[in-house]
Structure formats: structure tokens, C-alpha cells
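In what follows, chain A forms one complex with chain B and a second complex with chain C.
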Partner chain A sequence: MIYDLLSSFGDMLSPTPFLFILLGTLSGIVIGAIPGLNGAMLVTLSLPLTYGWDPLNAIGLLVGQYVGSISGGLVSATLLNIPGSPSSMMTTLDAAPMAKKGNPERALQLGIIASFVGGTVSWLALVFLSPPLAKIALSFGPHEYFALVLVALMLISSLSEGSMAKALMSACLGMLVAFPGLDTITAQPRLTFGFPQMLAGFDLLAVLLGIFAVTQLLTDAGNSMASAERIRLSGKMYFVALSDLSKQAFNMVRSSLIGTWIGILPGIGGSVGSIVSYVTAKNMSKTPEKFGTGCDEGVVASEAANNATVGGALIPMITMGIPGSIIDVILIAALTLHNIRPGPLLFQNEPHIVYGFMSTMMIANILMLFIMIFGIRLLAKLIDVPTKFLVPILLLLCVVGAFAVNNRVFDIWVMLGFGLVGLLFRSWSIPVAPFVIGFILTPIAETNFRTALILSDNNLWDFFARPITAMFLVLSAVMLLIPLFKRRRPAITTRNEH
Partner chain B sequence: MNNQTKELMLVVACLAIATLVYWSANQIPSSLLAKTSAGLVPKIVAISLILLAILHLILVFSANRTSNTQTSNSETSTSAIDDRTERNDGRIRIALLVSFMIIFVLCLELGLTEFWLLALSFVFLSVLAMSGISSRSILIAASIAVVSVGATIVFFTKIFTVILP
Partner chain C sequence: MLRTTLAAMAAATMLFSAPIGALAESYPDKPIKVIVPNGAGGSTDITSRLVAKEFSEKLGQNLAIVNMGGGGTAIGAMEAAKSAPDGYTLLSTHEAFLTSSALGVNTLGPKSVKPIAQVAKEVIVLTVPKGSEITSLAEFYEAAMEGHSDANLNLGVSPGAANHFFFLNVLSPIDHDVTFIPTGGGAKTLKALLGGTIDAGVFAVSESIQAIRSGDIVPIALFDKNRHADLPDTRTASEQGHDVNVGLHYVWYAPAETPDERVAKLASVLTEVISDEAFRNTLVERSITPELITGSDLTAALDARFTETKALAEKYVVGN
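Moving on, here comes the complex of A and B:
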């Protein structure tokens, strides 16, 4: 494994892949730093470009963008008090007050270093946890695989914000969107409603562009155009003292481990990771009253955790083909475009892709550290970029991107349609993550479910007769029931108090 | 539109989609190639969606009955009016952008004119819709449209060899 990893580092450090990683990291940081634009949108927009590339170059660009966009959110969170990306939401609580007190450089540097540590810890988890997990996943048959996908869907629905019923409805709608087209087993057309274009189903990229990019851009267009108060950096060079960093060492590692663990859970991205880590840091702090007033611990906890989710989220994606975050869904789409199927067989069939992911993540993490430490003054200027001029240009890129893969105008309509669906989701407060995960996982779930039924002669009891499948199914049922208990508990407490 | 109406619309939309999917999946004839029909899983998901929509409806109505007992005090302050105006402006901008996109794609579909001309008009009009009409904004919109469309065409066709509409 070590030899494969070192050899992959050698490959990815050769001029062309390295250039793509650098480009990806830089563009990710830039987009992450501009409020309103996020990594998911950037990665989706870049996806059509990578169609004809070598898969490793595509991985270099997209993973670089993933790492960069999560880190770039720190800039506007600190200088504008607006999170540049959803994952830097908790960073605003302490980085912005610290900047207002006259220490913006300190807030930014602490955040950058914490991001680097978070990325490194999760990279170690990615390197050492993926091979054994892939070995376990290799022993899974169709029964286990179907049950695993069910667990992933339940988990993302139960952990989504707001009503669980809405999250499950979102997952069901996502699954329904995946059905149109030719059936994978019998090759019969289904849910095409007489449209010949529907025989190929909804194009993955068009749906992703619509739901991520178009929805986000239209939302940005509708948001207030009033400019927020900006904090400027002073002209002096500033470096955080080593003693201050060593005081945060435990917090950094703890938050990184939390972020990595949250990242491994399907569909849960950096925002949840940073919330859990921030709350944990506050609860375990000797001075919890300082949180929210501009303390080092808050900035470090949030930034270490959100970057750590990147490596964590790649673990289930590489080993089982289950996306750990929304951007992983787009990475799965990228692999699919290159006829590579993520999952346990990836380690056997395409080890260079697996190690390509690992080495790219580390290279991008190091590049992020240098770009952000030394380019922070330039990056700080990005908060002045007016979104109102960017929105039409990015919408044009969406149109071109949706058309580019299949050369069909139909895909542009699909993209526009799903952009409007995304807007409706926002208006109804429906979480989009279960929809996307449902959409991407349904073909795997359905094929395995029906194969399992064929193998067991339509006997559903066979699912419960297998220990791993039964365990996954029970876990799904527990996750479905948890909100009911959560709902009941306050009522019982209130009755007892009375 | 109040919250309850909004949730009711969501439930109706889900029920309609699920019924349509169920009906369409039910039309698929059984195949000799597989013991399980191609319509089986879509039907299971459609039924799940119907059940979830009904459950959601029950939850919304039961929650609403509780909240109705509490008194609500609505204030109409100046900031609230400003917020409403800003929200309406935002909705108008979204509606304009969506309309421009629909016209853009429709023209592409019908092959009415060249891509570059349509793209140029789309970006120009969208920037104007976002920034308001003034002689300065017209100049800015025109420059942004020319530069961005030119760059997009060169970038996609020359560097990445993508075929444009």
C-alpha cells in the first residue's frame, strides 16, 4: 500500500496533474471566498470540462476544488461576517468578532492552520481506514449492499435539518427521478411518458447542475444587494505565535477527529461537522463564555472540523460507492463519466484511481496552506467581487455545461427544470441532500434489491436471515424511529414537571 | 401565502407525482428476463411517498392546531416594509432571469439564431436585470456580455474542444 501511495504521489506531482491540482485548489479557494458561490457549484460546473481528460487529471482538478472551496469560506466568514461556504458557518461566530477587534490576520491564520491540520488528520484516516473497509465491503452480496444503501438514506434523512418526514420525502423524490429510462435488468423502457429523450433517463450532470448551480445562482440573484460591512487587512505581515498554536493542539486534533467521523457518515458535509465540533469545544472549554466573542478555540474547532470532513467523506465513497458529502456525489458523477464505478472493486480494478484520490487530497491540502498563508492579502480582495455580475456569466456556463456532455438541448431544459425544483425545495424547507443521495444511490439499491430477490426466489425473509443485512435493516428502522422518541421526550418531561 | 397552504401544496404535489409514477409503473408488462418487474421498485417508492405525504399532512395540521391557540402579534415596522420590498425585488430578479433563460433555451431549441448572439443577449439582459437600468449599467452589461461570451466560446471550443449549441 505504501509503495502504491508513494508511486501515486510521484504521478500526481508530475507537471500536468500537479497543474490541475493547483488550478483546482486555487479556483476552489477563490469561489469559496466569494459569498454566495460554493464548492458544489464549482465542482459541478467544472465536471463537463473533464469529460475527455485523463481520469487522474480530472480527479486532480475536482478534489483540489473540493479542498480549496471548504477552506476558502474562511475569508468571507472572517472579513464579511458572512460564511463563504455553508461549512464555515460556525467560523463566523468567532472569526468575525476577532477581526472586528482588530485581529483579522490572526483569525485567518488560525483558521488556515486548523484547516491544514484537519485535512491532514482526515487524510491519515482516509489512507489507513479505506483498505480494511474496502475488504469488508468486498464480502457484501446484493442483500447487504441494498441494506447498506438503505442505512445511508435513513441516516442522511434523520440527520437532515428540520422535519424528517420532509427529508424522507426528498429522498423518495430523488429516487423517483432516477427511475426513468431503460430498466437496468430487463432493458424495458419505464416512466418515459412517451418522450424518446427520456429513454436515457435524466442526465446526471444536468440534474446536478440544476439542483446545485442554477438553484444557488437564482437564490443569489434574489438575495439582498445591500453590501455588508467589510474589514480590511493591515499592511503588516503577521504570524501566529507557536505557543498560541500549541495551546490549540488538542482542540485541533479533537475537532479534526470529529470532522473526520462526521464526514464518514453519508451525505453529511462540513457544516454539520463544524457545528458538532464547535459545540464540543465549547462544552469542554474552561472558558465557554468566551465563545462567540472572538476566541481562538472557536475558530480552530470549526475550521479543523470542516476541512476534516473532506477526507472522512471520501472514505465511504471510495470503499463502498456511497457519497460521504454532497460534493462526493459530484465526484461519483465524475468517475461515472470516465466509466469508473466507485466501490470496493475500485481497490482491485483501478488502484491508481484510489491512490490518486489520496495523494491529490494531501497535495491540495499542502497547496491550500501555502496559497492561503502567502496569498491572503489578494484573497481578501475577493470579498469585493460583485455577485450580481457573476450570476449571469455562471448561468451561461451552466447552459454550456449541461449541453456539452450529450450535445442535447433537452439536457438544458432538464437543468433548468431541476434548478426550479431546487428553488421550490428551498421555499418548502426541504433538504436537498437526501434528494441527491437518493438520486445517485437508487440504481445501485434497485439493482442489488432485485438481484437479491432473484437469488432468493422472491423470498423477502432471506434479507433477515443474513446477519449483516439484518443488522443494517434494524439500524435503518432505529434511525426511522429516533425522531418519534425525540418528539415524545419533551412532552413526557413537561408532564413530569407539572 | 401562509405556511399551511404552502405545506398543503407540497403534499398535493407529492401525491400527484407519486400517483403518476405508480400509474406509469403499473403499465410496464412483466418480463420473462426477470422474476421481478421493472415497475416493482418505482411502485414501492411511490407508495412510500404517498404515505410520507399523508404523514406530513397530519403532522402539519396537528402542529397548526397547537400553534393556533397561541396569540400572534404582528408588527408592521419600517424595517419590515423594507424587507418586504427587498424580497419582492429579489423575486422579480429571479423571475426575470428564469424568463431570459427560458427564452434563451427555446431559441436554441428552435435554432432561431447563432449561439453567440443568444448568449450575448442573455448575459446583457441578465446583468441589466441584476443591476438596474442606467447608462452606466448598460455600458457595464455590454462589456461583461462581450468579454464573458467571447471567453466562454474560446475556452470551451479552443481549449476544451467542447461542441457548443
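Moving on, here comes the complex of A and C:
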């Protein structure tokens, strides 16, 4: 395994793949730093470009963007007090006050270093947890897969921000949208309303582009960025004292572990990871009253955790084909485009892809550290980019992207339609993450459920006769019922992820 | 009606403008679009692209592969059938086109297109997991036969797709009682076979050769006239006394009304492509068997395959 990993590092460091990782990381940081544009949107938009590339180059670009965009959000969170990407929400609480007090460089550097540590810790988890997990997942049959997907759907609904009822509704709508197309068992058209174009159902990429990119762009076009107070970096060089960093060592590792764990949980990523880690850091701190006024601990907790979710989230994706975060949904779409199916067999059939993910993530993590430490003065200028000029160009790219996959105009309409759906979701503050996860997991759940029934001669009790399946089912029931007994939502409620 | 009028007008224009020979010479004078009704990266796509590359060199005109997946090839195949029949839109597909037509998902059916040439085929192999009690086709039939003693055999298929019909075809000599498990296409069915969810699967040699070589799955019977170069020890079905002949055939089509001389031109160039020794080797390296069939032989073969598929669909699939 170590040998495979090392040789993968060798491959990914050769000029072409390395260039793609560099490009990905750089574009991720830039987009992450511009308020209003986020990583999910960037990765979705870039996906159609990778069509026809070598899969490893595509992975290099997209994973680079994933890592970069999670990190880049720090810049506007610090200097504008606006999270550049949703996962930097908690960073604003302490980084912005610290910057206001005249220490923007310190806030940024702490954030960057914490991001790097978070990425590294979760990378270790990815490397060492994935192979045994894939082995376990290989023994999963349809019963187990169905139950696992159910857990994932419950998890995303109960943990996403806002009311659980809205989240569940969003998940159900996502599931509904997944139904049209050819029935997986009878191969007959289903809910196509007689339109031949509907035989393929709604294209994954068209839906993703619509709900992430188009919705975001239309919202940006409608808003003129409020003239927020911009904090400028002074010209002088500044480096955080090593002793300050070592004081944060324990916090960094703890936050990274929390982030990794949250990342592994299916469907939820950066923003939840940083919330949980921030709250934990505050509760365990000797000086909790300093949180929110610009303390080191707050910045470190949030930034270490959100970067740590990246590696964590890749674990269920690589080993089981179940997305650990929203961007993973898009990565799965990318792999499918290259005819690679993430899942337990990936380790056996295409180990170079698995190790490609691992080495890319580490390379991107290191690149991120260097680009952000040394390029921070340039990155700080990005907060002035007027989003409105970018909107028409990006919208055009959306249209091209939606068309390119299947060469169907129908997909463009689907994309625009879901762009409007996304706007409705926003105006009713329904979280979009459960919708997307429901949409991508439903075909997996349905096929496995029906396959399981065929295997069990239509005996539903068979689900409970299998220990792993029964455990998952009980777990999902518990998650559904907990909110009924617990009246109060977590103390920190935040706005919707997208 | 409109189409006949247009055709008549076109014919009239031809009469007055140029002799037929000169017109045939000028075709093709612009790039040709080839619709592959599957997503990019799959076996149909890769094979089509391999052929297209060689084809365009020999034809002296570019071929643009357009992937239009979904609906079990129905969307792309119907799009091709409805395109202008001028020889500038072609379709490259395989058995899935026949099965989706037999199931009525493709509502236009095989009559909507005209075959140009069959370029290659994937030989199909019946496999079981290692350690299975089934070691021959006879034992497979015994376990699948109605009134068998043990539990039903679980066979992994993608319902309504080619591998489902391969099994139905293989099982047609007997009255079978088996359970079809909807595991999906080749890669997913392979996973189910390795994970122990199913008892047997049919695969193209190209998609299963790796797992066979590693010993994880065991080939029981090969459905072809001759043995396969990559599986020299696997006996064919006819060697085992059963004359079952199934395969995945890559066929190029044009819309039904495409002029015969244009189809003939394309067929002759495709013949050149497939006769090229270097190109044959490219296919063989991928465990794909180059096999050229054109003209009335091809029409007859496709008609027979479709009749058979339709009969199986009506007997076992539709309404079940």
C-alpha cells in the first residue's frame, strides 16, 4: 500500500497532473475568497471541462479545487466579515474581530496553518481508514447498503441547519426528482409523462449546475454586495510566533479530528464540521468569554475543522460510493463521467484512482499552504472583485456545461428549471443539501431495497435478521425520533449552507 | 408526405445538376456525426471511438462522436433515427438497441434505421464465483431447471438490458426457474458476484478477463463458435453439447431513408477499416473480436436477433 501511495505521488507530481492540481488549488482559493462564489459551484462548473481528460488529471483539478475553496473562504471571512464560502462561517466570529483590532495578518496566518494541519490529519485518516473500510464494505449486500443509505439520509436531515421538518421535506423532494426515468427493475419508463427525453430522468450534472451554480449566480445578480467595511493588510511582514502556535497544538489536533469525523458522516461537510469544532473548543476553553472577540482558539478551531472535513468526506465516497459532503456528490458525478464507479471495488479494480485521490489531496494541501502564506497580499485584493461582472460569463459556462455531457438541449432546460427551484428553496429557507443528497442516494436506496426484497422473497423481516442492517435501521429510527424528545436546537443556528 | 416531397425535389435537383457518379464522389464533403447512445468512457463509447478514428482516416473526413446516453440507448438511437437521412448522422450501438426496441422503450424500433456494418463483437462468457459447485454448463442447467432441489439460482442482470437477454437466451433450451437479481451492468454485476450476492453472471470477456485471471471468478462456458484467445481453457457451449450463440455485436447504422449508395460507400470504408491487420490487433488486445458483416447477411442476422429478442421479451419480461 505504501508503495502504491508513493508511486502515486510520483505520478501526480509529474508535470501535467501537477499543473492541474496547482490550477485547481489556485482557482479553488480564488473562488473561495470571492464572497458569493463557492467551491460547490466551481467544482460543478469545472466538471464538464474534464470530460475527455485523463481521469487522474480530472481528479487533480477537482480535488485541488475542493481543498482550495475550503481554505480560500478564510480571506473574506477575515477581511470582510463575510464568509467567502459557507464552511468559513464560524471563522468570521473571531478572525474578523481580530482583523478589526489591527491584526489581520495574524488571523490569516493562524487560519492558514490550522487549515494545513486539519488537511494533514484528515489525510492520514483517509490513507489509513479507507482500505479496511473498503474491505468491510465489500461484504455489504443490498440489505446493508439500503440501511446505510437510510442512515445517510437521516443524518443529513437531522444535522443540517434549520428545522428538521424542512430538511426532511427537502430530502423527500430530492428523492422525488430522482424517480423519473427507466424503472430499475422492470426497465419500463416511469413518470416520463410520455416525453422520450425523460427516459433518462433528470441528469445529475444538470440538476447540480442548476441548484448550485445557477441559483447562486441569480442570487448574486440580484444583490449588490453591501458596502461592507474592508480591512487592508499593512505592508509590513508578519509571522505568528511559534510559541503562539504551539499553544494551539492541542486545539488544532482536536478540531482536526472532529472535522474528520464529521466529514466521514455522509452528506455533511465543512460548515457543520467547523460549527461543532468551534462549539467544542469554546466549551473546553479556560477562557470561553474570549470567543467571538478575536481569540486564536476560535480561528484555529473553525479552520482546522473545515479543512479536515475534506479528507474525512472522501472516505465514504471512495470506500462505499456514498458522498461525505456536497462536493463529493459532484466528484462522484465526475468519476461516473469517466466511467469509474466509486465503491469498495475501486481499491481492487482501479487502485491508481484511489491512491490518486490520496496523493492529490496531500499535494493540494501543501500547495494551499504555500500559495496562501506567500500570496496572501494578492489574495486580499480579491475581496474587491465585483461579482456582477462574473455572473454573465459563469452563467454562459453553466449552459455549455449542461449541454456538453449528453449533447441534449433538454438538459439546459432542466438546469435552468432547477436554478429556479433553488431560488424558491432559498426564499423559504429550505436547506438544499438534503435535496441533493436525497437525489443522488435515492437510486442507490431504491435498487438495493428492491434487490434485497427479491433476494429475501419479499420478506421484510429479513432486514432485521441481519445484524448490520438491523443496527443501521435502528440508528436511523433513533435519529428521526431524537428531535421529538429534544425541544431545543443547538445553541448556534446559522444561515443555510447555500 | 413532406419527406417524399423533399426526396422528389432532391431527386429532381440531382437529375438537373450532376450525374449520380459525381455526387457519390462528393460524399462525404463535411464531417459526419456519430451518435453513441451511451455515456462517455464505457465499452460502447471506447470501441466506437477506436473505429471512428481509423474510419475518418480512411474516409478522409472527420467523424465526431456525440455521446447521448440515457433510457437504455433509446434517447440517442431515436435522435439518430429522426436525423436527416443524408449520411451525415450515424448511430453506433449494439444489442441494447434491439432489447430497448423489443421492450417498447425505443418506440421507433429497428425499422427506423438501416444497418451499415457490424464491426466487432464481444464474446460472452458465463461465470460463477470461485468455489462454486457449478463447474459446467450441464450443471448450470441442472441447477436452473424447473423443479430443481436446492434454492433458486440468483442470476445478476441489468433488467431489460443485454445481459438480461443473454441469460434468457442461454436458458431458452430448458424450462427454467431462477431469480434475476437487478445488479446492473457489467461492473456492478461483477461486484455482486465477488460479494456473493449472486450465483452466476454473464459478461463480455473484455470486462471479466481481469477477475478471471485473478481467479476470483471461474468461467463455465463461452458462447461463441470458437474458443477465445484470452481464455484458451474455457469450453464453448457447443463443445458442451448446447448450441447457444449469444454475443454483443457492435453495429453501425444510418437513418432508414439514407440513400443506398451512401450506405454502400460507408460500408466499403468500414470493411477496409476492419480488414486492417494493425487495427484488428488493437481490438484483439482489448479482448474484442473484430467481425465484419455487411449487406444482406447483416440484415438477415439483425432480423433474426430482433425476432428472437422480441419473443424472449414477450415471454419473460414485458408484463412480468
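One rule holds for everything that comes next: the second predicted complex is superposed on the first by the 485 of 498 C-alpha atoms of A that agree within 3 Å, B and C clash if a C-alpha of one lies under 4 Å from a C-alpha of the other, contacts with A are read in each partner's own complex, and residues count from 1 in each chain.
One rule holds for everything that comes next: a residue touches a chain if its C-beta (ideal position, glycine included) is under 8 Å from a C-beta of that chain, and two chains touch if they have at least 3 such contacts.
Keep in mind that what you see is a predicted model, and the values were worked out from it rather than measured.
Engineer: Could you look at A:Leu475 and tell me whether it touches chain B, chain C, both or neither (first, second, both, neither)?
Structural biologist: neither
Engineer: Between chain B (first) and chain C (second), which does A:Leu5 come into contact with in this model arrangement: first, second, both, or neither?
Structural biologist: neither
Engineer: Looking at the overlay, what does A:Cys172 touch: chain B (first), chain C (second), both, or neither?
Structural biologist: After superposing on A, A:Cys172 lies in contact with chain B but is clear of chain C.
Engineer: With both complexes overlaid on chain A, does A:Asn407 touch chain B (first), chain C (second), both or neither?
Structural biologist: both
Engineer: Using the superposition on chain A described above, determine whether A:Ala200 touches chain B (first), chain C (second), both, or neither.
Structural biologist: In the superposition, A:Ala200 touches chain C alone.
Engineer: Check whether A:Leu133 is in contact with chain B, with chain C, with both or with neither, and answer first, second, both or neither.
Structural biologist: neither
Engineer: Looking at the overlay, what does A:Leu218 touch: chain B (first), chain C (second), both, or neither?
Structural biologist: Only chain B; A:Leu218 stays clear of chain C.
Engineer: By the touch definition at the top of the document, which applies to A:Gly52: first (chain B), second (chain C), both, or neither?
Structural biologist: The answer is both, since A:Gly52 touches chain B and chain C.
Engineer: Taking the superposition on A as described, I'd like to know which of chain B and chain C A:Arg341 touches: first, second, both or neither.
Structural biologist: A:Arg341 sits against chain C, while chain B stays out of touch.
Engineer: Between chain B and chain C, which one contacts more residues of chain A in the superposed model?
Structural biologist: The partner that reaches more residues of chain A in the superposed model: B.
Engineer: Need the overlap of the two footprints on chain A, from chain B and from chain C, as residue ranges.
Structural biologist: Touching chain B and chain C on chain A: residues 51-52, 185-188, 407, 450, 454.
Engineer: So in the complex, the part of chain C that touches chain A is made up of which residues?
Structural biologist: It is residues 39-42, 45, 66-72, 74-75, 78, 103, 105, 107, 154, 159-161, 164, 179-184, 187-188, 190-191, 194-197, 210, 317, 320 of chain C that touch chain A.
Engineer: Which residues of chain A touch chain B once you look at their complex with the stated criterion?
Structural biologist: 48-49, 51-52, 163, 165-166, 168-169, 172-173, 175-176, 179, 183, 185-188, 190-191, 193, 218-219, 221-226, 388-389, 391-393, 395-397, 399-400, 403-404, 407, 409, 412-413, 416, 420, 423, 427-428, 430, 442, 445-446, 449-450, 453-454, 457-458
Engineer: Within their complex, state which residues of chain B touch chain A.
Structural biologist: 6-7, 10, 14, 17-18, 21, 24-25, 28-29, 31, 33-42, 45-46, 48-49, 52-53, 55-56, 59, 86, 90-91, 93-94, 97-98, 101-102, 104-105, 108-109, 119, 122-123, 126-127, 130-131, 140, 144, 148-149, 152, 156, 160-165
Engineer: How about chain A: which of its residues touch chain C in the complex?
Structural biologist: 51-52, 138-142, 181-182, 184-189, 196-197, 199-201, 203, 336-341, 343-345, 349, 405-408, 447, 450-451, 454-455
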